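Each chain carries a letter (A, B, C and D) given by its place in the written order, and its residues are counted from 1.
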Amino acid sequence: MAVNEASGTQLEELELFYEELRQANGHPLWVRDPNPPKVLPFLWKWSDYRPLLMKAMEVVPMEMANRRALFFANPGLKEQKSATSTLLANLQVIKPGEIAPTHRHSPSALRFVIEGKGAFTSVEGEKSYMEPGDFVTTPNWTWHDHGHEGEGPMIWLDGLDQPLVEKFEALFWEGYEDETYPLSKANGLSQRMYGAGSLRPTWVKYRDSGKPFIDYQRDSPMVNYKYAQARDTLFQLAKETEGSPFDGVTLEYVNPNTGAAAFATMACFAQLLGKGQHTKAHRHTGGTIYHVIEGRGHSVIGGTRFDWGDKDTFVVPSWSWHEHVSETDAVLFSYNDTPVVSKLGLFREEAYGGTGGQQAVTGTFSGKA
Amino acid sequence: MAVNEASGTQLEELELFYEELRQANGHPLWVRDPNPPKVLPFLWKWSDYRPLLMKAMEVVPMEMANRRALFFANPGLKEQKSATSTLLANLQVIKPGEIAPTHRHSPSALRFVIEGKGAFTSVEGEKSYMEPGDFVTTPNWTWHDHGHEGEGPMIWLDGLDQPLVEKFEALFWEGYEDETYPLSKANGLSQRMYGAGSLRPTWVKYRDSGKPFIDYQRDSPMVNYKYAQARDTLFQLAKETEGSPFDGVTLEYVNPNTGAAAFATMACFAQLLGKGQHTKAHRHTGGTIYHVIEGRGHSVIGGTRFDWGDKDTFVVPSWSWHEHVSETDAVLFSYNDTPVVSKLGLFREEAYGGTGGQQAVTGTFSGKA
Amino acid sequence: MAVNEASGTQLEELELFYEELRQANGHPLWVRDPNPPKVLPFLWKWSDYRPLLMKAMEVVPMEMANRRALFFANPGLKEQKSATSTLLANLQVIKPGEIAPTHRHSPSALRFVIEGKGAFTSVEGEKSYMEPGDFVTTPNWTWHDHGHEGEGPMIWLDGLDQPLVEKFEALFWEGYEDETYPLSKANGLSQRMYGAGSLRPTWVKYRDSGKPFIDYQRDSPMVNYKYAQARDTLFQLAKETEGSPFDGVTLEYVNPNTGAAAFATMACFAQLLGKGQHTKAHRHTGGTIYHVIEGRGHSVIGGTRFDWGDKDTFVVPSWSWHEHVSETDAVLFSYNDTPVVSKLGLFREEAYGGTGGQQAVTGTFSGKA
Amino acid sequence: MAVNEASGTQLEELELFYEELRQANGHPLWVRDPNPPKVLPFLWKWSDYRPLLMKAMEVVPMEMANRRALFFANPGLKEQKSATSTLLANLQVIKPGEIAPTHRHSPSALRFVIEGKGAFTSVEGEKSYMEPGDFVTTPNWTWHDHGHEGEGPMIWLDGLDQPLVEKFEALFWEGYEDETYPLSKANGLSQRMYGAGSLRPTWVKYRDSGKPFIDYQRDSPMVNYKYAQARDTLFQLAKETEGSPFDGVTLEYVNPNTGAAAFATMACFAQLLGKGQHTKAHRHTGGTIYHVIEGRGHSVIGGTRFDWGDKDTFVVPSWSWHEHVSETDAVLFSYNDTPVVSKLGLFREEAYGGTGGQQAVTGTFSGKA
């Protein structure tokens, strides 16, 4: 809201008034923080972070960390260590033989697998092996653990709505009595149940009996959306359709019970940019985290060019103009808080009106904010 | 509602009153039709109907019929020629080279393919070739035509909500100016768009621009649910799960945009009964039409045994006890009006309480009502 | 759907085929009933029906009738004795001291009070005294009884969705063990709970514990919408707004828990036509029953003029052009099945395109169909 | 989430790693802020703030402030100046003859009137005069201004969801070209339209034509919920019902179009505590701001006693035990973010399990955090 300037000789009187107000735990509407926290467009290089993860495996024992994960800290957010104002993005690494013990929490989490083979996530009694490109869900209040039965480090990107949940002071966390949770279903069963298009098993209840509820109309019942299926579908559809002028051929990972976002709080996407494709610019509310699954190109965000390659991660802030340019066929994973923004009546979208619908590039991202 | 008997000497006076009321286009609440129309359990044999379809090809020209289709007429429904009170089931046959010309109507229709190869349905500019076992949708107010580029007769089951639409006096029908509607999409495109599990194309609008609207949140945007995918999923899941005690492993063909029934008015299912399986009996509101895709067995409906085999069609009336027994692996297709029943608050379901949860068989269906 | 004519010498062969088909309980798509049941516009005069009700009190004992009610039988519907295809309208009369004993049923019922004072409806333990113009609800599966503690006959209009419920073969009915149901709430409590605008009691549950559920998000929890409040609001708003060109100032009786129709199956309205007002014509799907609360005027339905006065009842069929002309200030009550029509995607509406948006009158209703 | 302690000699190595990570704009999951911002229970006295408002009228010109409003700043929230983590509460004062000029913004605002007469709020062309106890809505993106045609200062409590909107970086603000917005409706019209219980005007559209939309299914169309009506209903219902054991007789100010919360983001309540009433304790997610309309008593929040009287304002944080004790008949206004908490699947509620369901009091609020 508008803030006007104080004028003339009133200033001293005003300062006295402000001090009195401060004593009463009050604050004047029209005096605003001149430099509030604000999400900045930013990019974290895989080439910086993979070595950091290797070092973390050396110096950080699992007993200390519970999860050996490194947050991406948006430099515009100051004390808040998160990628956007509402979402976390962090890289997690697990060694062969390690177990990230069973717990559950009110924040929902996604895993997007980057490197390795043989690790699994187990969610509410279903174990699912993870491969690069897989999108794995551990929704609000589901028991989950991770383990690694293969060779070499296993690395994935975690996405969580934790800053949002903390905003509502609704963070709950519980550790399970044992390290692992008992398996009660065939490995990867939900994949067969919901992986065949537009077919829904009729005998499955939407809600478990617990309280607070896990609600499979609120959050997806599908543990692992395999990359092979998403990738094949993207490349097939790109032969037959244009997709969106702003986003190309984009698939949303949806909750099969509702067709809506995979989580009540996060929408998640896989997107194919064909070699040489240059999308139109647009902006919308809802801050988005992008992760490059494969390929090389750049995005123009608010006039600045951000070059990206395999496994880099970057942020497009809410209401920032953005467009993508691909030098190779490229597949991007992304997630954002638009399901919440929409439910609150705060979603807005605008196409860029400039020449050709694309921005003039006025700078290049240097690695610093 | 309860109807009491008139008593004693009042009858003559009553009759005079009734006549006076009749003159005034009135009717007493407590005088009910003693034998109102009522859906009966019934079965139509493929062995009776295939010859009838062959004869229809000889004697019924397309110009006369527009669609060469034979209704199953439930004998309990008297003047109303339909399989259940709300739904049509009919067999349609088309010859090589014929075209069932483009039209659209407010009733929604499904096609379940029984025999033949090379015929197609085209819906709103997407052409889809049909094979036995395919489930094809032509929802409310979508332009559609059928044609046949192959050899031999092509036969399918049509399911329509027309009696329901007529009940509301909301039947609209329109012929297209040309025999066929222009194709604007890759053949079978919607299959690739929605056939990969739990992935949703983000660039597609839910509604077309017309008025009255085609609404793809109301009715499915997927033209053809291929049998191969449904069948594979059923047999795979049957190895891993029990499914429902009443229905075995059952998949609903859903609208990928909502996870709800494929049509606002009809829910559609494919169901696997393993060799030797004998389900528990239950009853629920919502009359159901079953079609045997493959296999042999029988169902017990209200105590009567109905033997069925390949391509037979039978009806389980609303609120009738029913259970299924399979002699071979059997796959059944079925559809019913439960989406409407549920929306109106009229859905009820009850498990059979008798010994072992299964009915005593008190008779066998003879082919007559 | 289109029906073509058979041509030439094939007729005999066709007849043989039709007979064979009939034997197999089949019917050809293209042979339609030339004269199917169809709702006609119709009007029932209060001056005819009040005497019939008086006679009914003499000749029809409560023990025989359970409810002493006379249906309006639309002459176009043939064997079906109802006002429209989906809805009943009937006049019910109760004598001082009589009780219409407690029962419940899956059809929902409304009562619109016409004459008398001192009678009450009791719904799920809340007793509510009725006065002329009151709109009273007894939704799906709620226990209810009526009694009369005053003088003279008490008469009201019943509206029920019973033909619709019967269409789905989902009619359930149950008598209570006692004549009256125990009272558990202050008389008319729901009126105070929901009668103050846009305020909702927070301690009330939407559902009772029974099964099948009474669901107060599906059907209204308000037993009696008093006429005084509706009438005052209508006359006040008419001073300040135009309302709709087709319907004037119209208020819907809504479910306060949802703002939607009072019943899952029926929408109910009170409407003020100012003296001399002549509305524009339109048509929409959904057959409507009108009841004249007070005033005198006429409606033009499909070109025919229907004159009405105090307490008359008339039907506007689905998709019929209609407009209203008022000679005095007039208040109409009406109800229709549009909530269902809308949920099924069958709602259509059209403004009349003729000169001035009003129909030419081509005839006057004579009292006969 | 759990944070473990680092052990032994690894600390130096860890510190080096942390520094390297910091350089790469990263942060370890397991190192958490030991003292993060956190909503504290707090109470602001009217006797402190009324003098501050009087002084503000002297020293703060309208040209500087646009709105002369003083925020309640929860001492636990540090740099964020708001009452709870998601909601603002502030007192606003306006002098006779002043105008708070027309603007609109994406945060929704409520006004709860405390003192004065003759001032008005005008929303989207409807002017509504305000009296003490009135609850006034200016939803997301509605044009609104305030003016004062009476005598003496006019004071109200503003409640806004602005911290929530800012969290999503979705704050939009626009000033109108003129000081006041043209009036297009009768003064206070929406009060007559929606103030009569459970009656809905049928001719009103839910959405205006603008983009971004004002959506009257999302936010209430009722500008002013008059206190007289709410107060009468509370006192009447308290004679007939118990209400909730935790909250007594409580009415929610709802959106008449949906029966849901008045705003997509805020639920608002009026609550009567009878003289001598002592409620049971419970806790739930969703931080709540209470304002004492009239009466005297205290609340026990997390074991601490907060004494309150006329026009005081206090905060019950999310997931804090709380119960109320009233020395006189008391009416409280309150608002919270539970509509959002519920939509996100984060709502939890728990009854206090201790003796008699009420807390032991372990301290008394001293006026300091």
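Please note the rule applied: a residue touches a chain if its C-beta (ideal position, glycine included) is under 8 Å from a C-beta of that chain, and two chains touch if they have at least 3 such contacts.
All values reported here derive from a predicted model rather than from experimental measurement.
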Any chain touching chain A and chain B at once appears in the list none
So, comparing C-alpha centroids, which chain is the farthest one from chain C? A
Per the centroid of Cα atoms for each chain, what is the distance between chain B and chain C, given in Å? 30
Roughly how far is chain C from chain D, going centre to centre by Cα mean, in whole Å? 43
From the C-alpha centre of chain A to that of chain C, how far is it in Å? 52
Spell out, as numbers or ranges, the residues of chain A touching 2 or more other chains. none
Residues of chain D touching chain C in the complex: 185-186, 189, 191-203, 217, 220, 222, 225, 229-230, 232-233, 236-237, 240-244, 247, 249-259, 269-270
Write out the stretch or stretches of chain B touching chain C in their complex. 1-7, 10, 13-14, 17, 20-21, 24-30, 33, 36, 38-39, 42, 44, 48-49, 52, 55-56, 59-61, 63-75, 79, 81, 85-86, 90, 103, 105-106, 140, 162, 164-170, 172-173, 175, 212, 215, 218-219, 264-265, 285-287, 317-319, 337, 340-341, 343-346, 348, 369
